[in-house]
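Listed after this line are the structures, all set down as structure tokens.
In what comes next, subunit A is part of two complexes: it sits with subunit B in the first one and with subunit C in the second one.
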Partner chain A sequence: MDAIYCGDTLIVDLPSGKTEEVGFGQEMLEENGPGLAAGLALYREHEDDDPLVIGSGLLTGTTAPSSSLGFVLGKSPLTGEPAVSPLSLFSGAEMKLSGFSMMVIKGDSPGPVYLWLHDGVADVLDAAGLWGRDTWVTTDAVRAEMGEHLVQVVSIGPAGESASKLASYSINYWGSGDTAALGARMGEKKLKAIALRGLGMLDAEEPPGFYDKGKELLAKAPAWNGLNKVGNGLGAGDIDAWLKPIVHRYRSCFACPAACNTFVKYNESPSVMESTGVEEPGMLVTGAASAAWLLSGGWKAEQACRAMEAMARAGIDLIRGARELAGSPLDDSGGIDNAVGGLSGEEEAGWPGVERFSEGLFGPWVPPLVAEDEWLLANQIGYVLGICPIYLLASGIETGGLFGLCSTAAGIELDSSTVAGMFS
Partner chain B sequence: MGRAAGDPVFDRYREVFLSGGPISYPRIAVYTGSGASHSWIWFADLFERLGLFDVRFIEESSVRHPGLSGFDALVIGGGDTYEIASSLGEEGARAIEGFVRDGGFYFGSCAGAYLVLSGVDLEPFTPFDLIDGGMLNTMAAPPEPRCLEHKYRSSYGDGWVFHPVYGEVTLAPQYRKARQGVNVPLFGGPVIGEALPDEVLAVYSGLTDRAAYLWPRREAERFLVGRAAVLRSGLDEGTAVVSGPHLEHPLYPAANALAAEILAEHCAGRPGRVIEPSRSSMSNGETAPLLQEIKRQVSNGRIVGFGLEKMPVAWQMGRKVWEPEKIRMFLECAWGRLPFLWERAELIDPSGELEPLASGYANVTRISKSLKMRIESGQDSQAEASELLLSLKELTARFLSLYFRLRLETRFDDD
Partner chain C sequence: MRVKVKPLECTGCALCELACSFHWDEAFSLVSSSVLLYRAEEKKDYMGVIVKTEEDLFLGRPEGAVEMKLGEIQKQGAGGGASAKPILIRQACDLCESAGVEPQCVVICPHGALYLE
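Moving on, here comes the complex of A and B:
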């Protein structure tokens, strides 16, 4: 059981800068459930200290398809209620391998700090030199300090530092899907970044069974490139065709058969394959919703991507930022910084043409063509198991196989109703 | 200790050595001095798996003075044979010979084998002459290799020592009961000739798919198969053993068992060394922060080391080529053993034993980062790499000295 999570729960007391480790084991999982369910229990336990809880799902970081998902849980400045945002790309898996099963960040730091979690060691480090820097500069600086570019850096930019309601944490250089403004909570806490890297190993309760089942599931799991399966399939326009002239490559998150993330180049030709050209050739488009807003607002792909880059650098939620920008497209790149700098943050998140918002744990929007209860259940399962809910919905993968993996991984019997019950 | 640690093949030898019966519990010296590569840490793994914890890690100066009289066994693993021989010198050679003739056990693997073969007879090897045997893998002008040019040859007199295979080979043991073939890695060790037949313990008997063929496979097979790989020779009261392949490699438990058996046979019937259970309680409560700092810095070093492994770089030190993978091998050796130090913290001297490790590993992290930055910016990295690898070797020997002391003092705790 313990092997599918590695390490204790880390308690970080920001006012004192001290850390403490408390046990995370069978009892915790049996009482509350894994993943976000355990995170919610920790949140409630430490609620008086206005915590951010960071963790990963039961299958995060394993060979299960799309097992990339970790989470950040905290009180959303938008609603005043607990809300969860994703740790995607490789940050969820690194959280799993960092040597800590979960992390609770309590209180506010007297000055800027960042956290460095590595192999079961937690360092609270001074971030005075990073304060005021954008997320790209911050990511580069933290990686240079640690001497390794595979370090995953969850950081905030100026938007988070000023606790703007538009703020979102970025994952390395890119947009994160933090629609709950938890980046603003990081700013209030003077928490500039969380750096994650672990060379640990996970184990399963029944290794051969886990491996065989995972391999079988992966072989059947639908795969695709680009954002259309998510965006167009859920009601947006043809994002892939719009981006096509500047697309360089497609990238998946950890262990995901679908390479949704689309790297576009606009500072050099997208046909250039060598990485020896310009230092910052373009941008990784990580979400369909922000692209869909700018596409529907009549933006050209290049200008839209430049605007998304500017928002990611500033640590602004790309979805709400794109929604606000959508109505006034720019024909050239000249005014992008001003346009992004002038965002008011008055717009809610959402999807073009849809006005169905949720105030719940899983954020303030529900995509079109998905029933709200279906969206809710996909998120509950996704955040408990550590499987991307967007992949669950877009691929139509059978969740029964994933629940079977939980049994061989940790001896935990789960199904949809058990998971839903963890949130009731 | 490697994936082989739990292999039941070791149970017999653990029992033999720890039983306190007619077999002595040997005090073992592992050579870690000039010219030694990383492979001596495999001996540390092997001895730990055998339950042999009276292990010291020594350099050339200790071999020369005070000498080896306090030990029962000396092992020398892979590395740069020229550098090892030069560093030990005539004085070291005489110390080793005297040690064996007085009843000691010498085990030389790869470079440690070349060192003491009588047929390896140029300066600086001339004084080292423990076992009758020559090396067949020499040639005035060996054919060009198919791959791994940097592993293929090194100069020897007017010609070259060359290696037609790099990786796993199969041995056929030649003594006692007939055995099945034993797979073992050959990383540049000698193919031995001119040996006395009754001193040959194993011959090369075949090749496997887990090797790089620097010659066409059929030609490599013709060259290797049937030739001596492991020799044992009695010298007065002692025993000298040389092995071309690395019998001590942690992923080859059957080969490890062969090495264990050779050692056990030497120890059988010799007067046992009495080691009383003892405890050196010396902690004053300051070990936890220092252990945490060691953990922090070893972790930082591993993370940078992992990044270095993706870089197309290698460093020549003496006649030995070092790849970035070696950095993490040293660090993993400490990382896997850190939990045991936490368990036995009360037996550790914080200032004498932990502080040098903490500052040493912090320095390793610093040099690793500097090394990586130099490589990334296209600058020469030889000096940093030399400093780093030397630091890692010394630190790992220091770490393992502490670790084996604790294991020795607490070896009966689980009984």
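Moving on, here comes the complex of A and C:
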């Protein structure tokens, strides 16, 4: 594959530990569509092997606004149906640049393993020493093993290993938005982690045209800091004001003008900017829904963030965990580990005070800021193009400009109707 | 005139790296730019931006920006991670003059974290 993807499809057969590569070309894109549409075609092709399909969108990893998104697609243990969860922060872009356009992980491994994708090379590595570790220890260990701090580590903790329905994969140290318990599927497969590092190069079909159009879109794209805009209108409360006393900095996902992610410090002063000896000063709050549940439940910001840290470490879905914790706020930090350890997983993911959409493929990581049909379309467009659907909805950015980028990226003409048709 | 950084305005989106890589290669990558997001200490949220010139590196560190001669860097080591192509062998910033356009990292930054001075 040349235009805007980088490399073939990697097939990983976990029972044997062997890998092979199959072509991922223009024919695949034209027949099925890019991004999640191609992922769904691969899922159906390998459905008998209960696969997890990992991939990225057409525009992921480029200068298109908010082109951070990759995906994990698999059968959700919660519904028994296919569901998709996001690869955000830098993990979607690193997948796109890893040298593999898509990856299909088939079957279950006889023992714990992790996958290491880099520069068009894929390794299936022993993870016996990582099994039982939390996601923070796992991320540190994988990065130390590779001698590389920029590796993106999609991993599970004890919750995923025990195939708990509360399980969610974490991205590096932070919550991921996996509300479909695909972390539990990883656990069933004995797949401890997927490590990604991309040194590849993405070529657009019409490079100057693509770059100039992307730059025009970015110049008009709304930028902001904080989580309020994500939960705006949902009765989520003033999350930014609640967090403000412990906010260190705001962080963007890859190529996103919006810095929703909020780094808070509670183990040292949030005003400390130097790299000090405090190795774990705080937590990156990556989701508005989990924060909204704890805020609405009367939690103090510091204790809420410590609880989110504990859930991310354990590989627990922060949204469902926060919803369950919301009714029992803790005034101090002792007891948080016990509270998180005692979660039952009986609550559904969702947003406080908002009726849950019947999402099918897509989960409530994306806030229901609009009517259900618009929300569904934003998810479809986002996962096909690789543009964060939260940004699509919260920014109100015109999708026409993004579709215009697709023709200069790969000679593919898309619009809302054609994207929706990929899911019919 | 050079590209400088207001490090606390940076949100770590890496659009500057992409724009710079496109300037040099007409393609998108994280290995060929003269401007580099330092993100190797993620758990501490210690993040900044490095700009390489012919003579020095501009280190946009969160505790304050400094210029450091290349010789000093060689002694101390820098570059944001083992597989981030070492900053010292990357192209030096040419302010995009070879393309006849404004510095693209400055133009593309959504938060105004890079500027010319």
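Please note the rule applied: the second predicted complex is superposed on the first by the 411 of 424 C-alpha atoms of A that agree within 3 Å, B and C clash if a C-alpha of one lies under 4 Å from a C-alpha of the other, contacts with A are read in each partner's own complex, and residues count from 1 in each chain.
Keep in mind that, in the parts below, a contact is a pair of C-beta atoms (placed from the backbone, for glycine too) under 8 Å apart; a residue touches a chain by one contact, two chains touch by 3 or more.
Model, not experiment: these values are computed from the prediction.
Asker: In the overlay, answer first, second, both or neither for which of subunit B and subunit C A:Val137 touches.
Answerer: neither
Asker: Touch test for A:His149: subunit B only (first), subunit C only (second), both, or neither?
Answerer: Both: A:His149 reaches subunit B and subunit C.
Asker: Which partner chains sit in contact with A:Leu199 here, subunit B, subunit C, both or neither? Use first/second/both/neither.
Answerer: both
Asker: Please indicate which partner A:Leu330 is in contact with in the superposed arrangement: first for subunit B, second for subunit C, both, or neither.
Answerer: A:Leu330 sits against neither subunit B nor subunit C.
Asker: If you stack the two complexes on chain A, which partner ends up touching A:Ala420: first (subunit B), second (subunit C), both, or neither?
Answerer: Touch status of A:Ala420: no partner.
Asker: Is A:Leu125 touching the first partner subunit B, the second partner subunit C, both, or neither of them?
Answerer: neither
Asker: Is A:Ala41 in contact with subunit B, with subunit C, with both, or with neither (first, second, both, neither)?
Answerer: Once the two structures are laid over each other on A, A:Ala41 reaches no partner at all.
Asker: Of the two partners subunit B and subunit C, which one touches more residues belonging to subunit A?
Answerer: Larger number of subunit A residues touched: C.
Asker: Looking at A:Ala163 after the superposition, I want to know if it touches subunit B, subunit C, both of them or none. Which is it: first, second, both, neither?
Answerer: Touch status of A:Ala163: no partner.
Asker: On subunit A, what residues does subunit B touch that subunit C touches as well?
Answerer: Touching subunit B and subunit C on subunit A: residues 118, 146-150, 197, 199.
Asker: Okay, in this complex, where on subunit A does subunit B touch?
Answerer: Against subunit B, the touching part of subunit A is residues 118-121, 123, 144, 146-151, 197, 199.
Asker: Considering the complex alone, what residue numbers of subunit A touch subunit C?
Answerer: 61-63, 90, 93, 97, 118, 136, 140, 146-150, 172-173, 197-204, 207-208, 211, 215, 218, 221, 223, 225, 248-257, 259, 263, 265, 273-276, 278-282, 284
Asker: Applying the document's contact rule, which stretches of subunit C touch subunit A when the two form their complex?
Answerer: Those in contact with subunit A are residues 8, 11-15, 18-19, 21-22, 25-32, 39-47, 62-63, 80-85, 104, 107-108, 110-111.
Asker: Please give the residue numbers of subunit B that touch subunit A in the complex, ascending.
Answerer: Residue positions touching the partner: 292, 295-296, 299-300, 302-304, 306-307, 335, 365, 368-369, 372-373.
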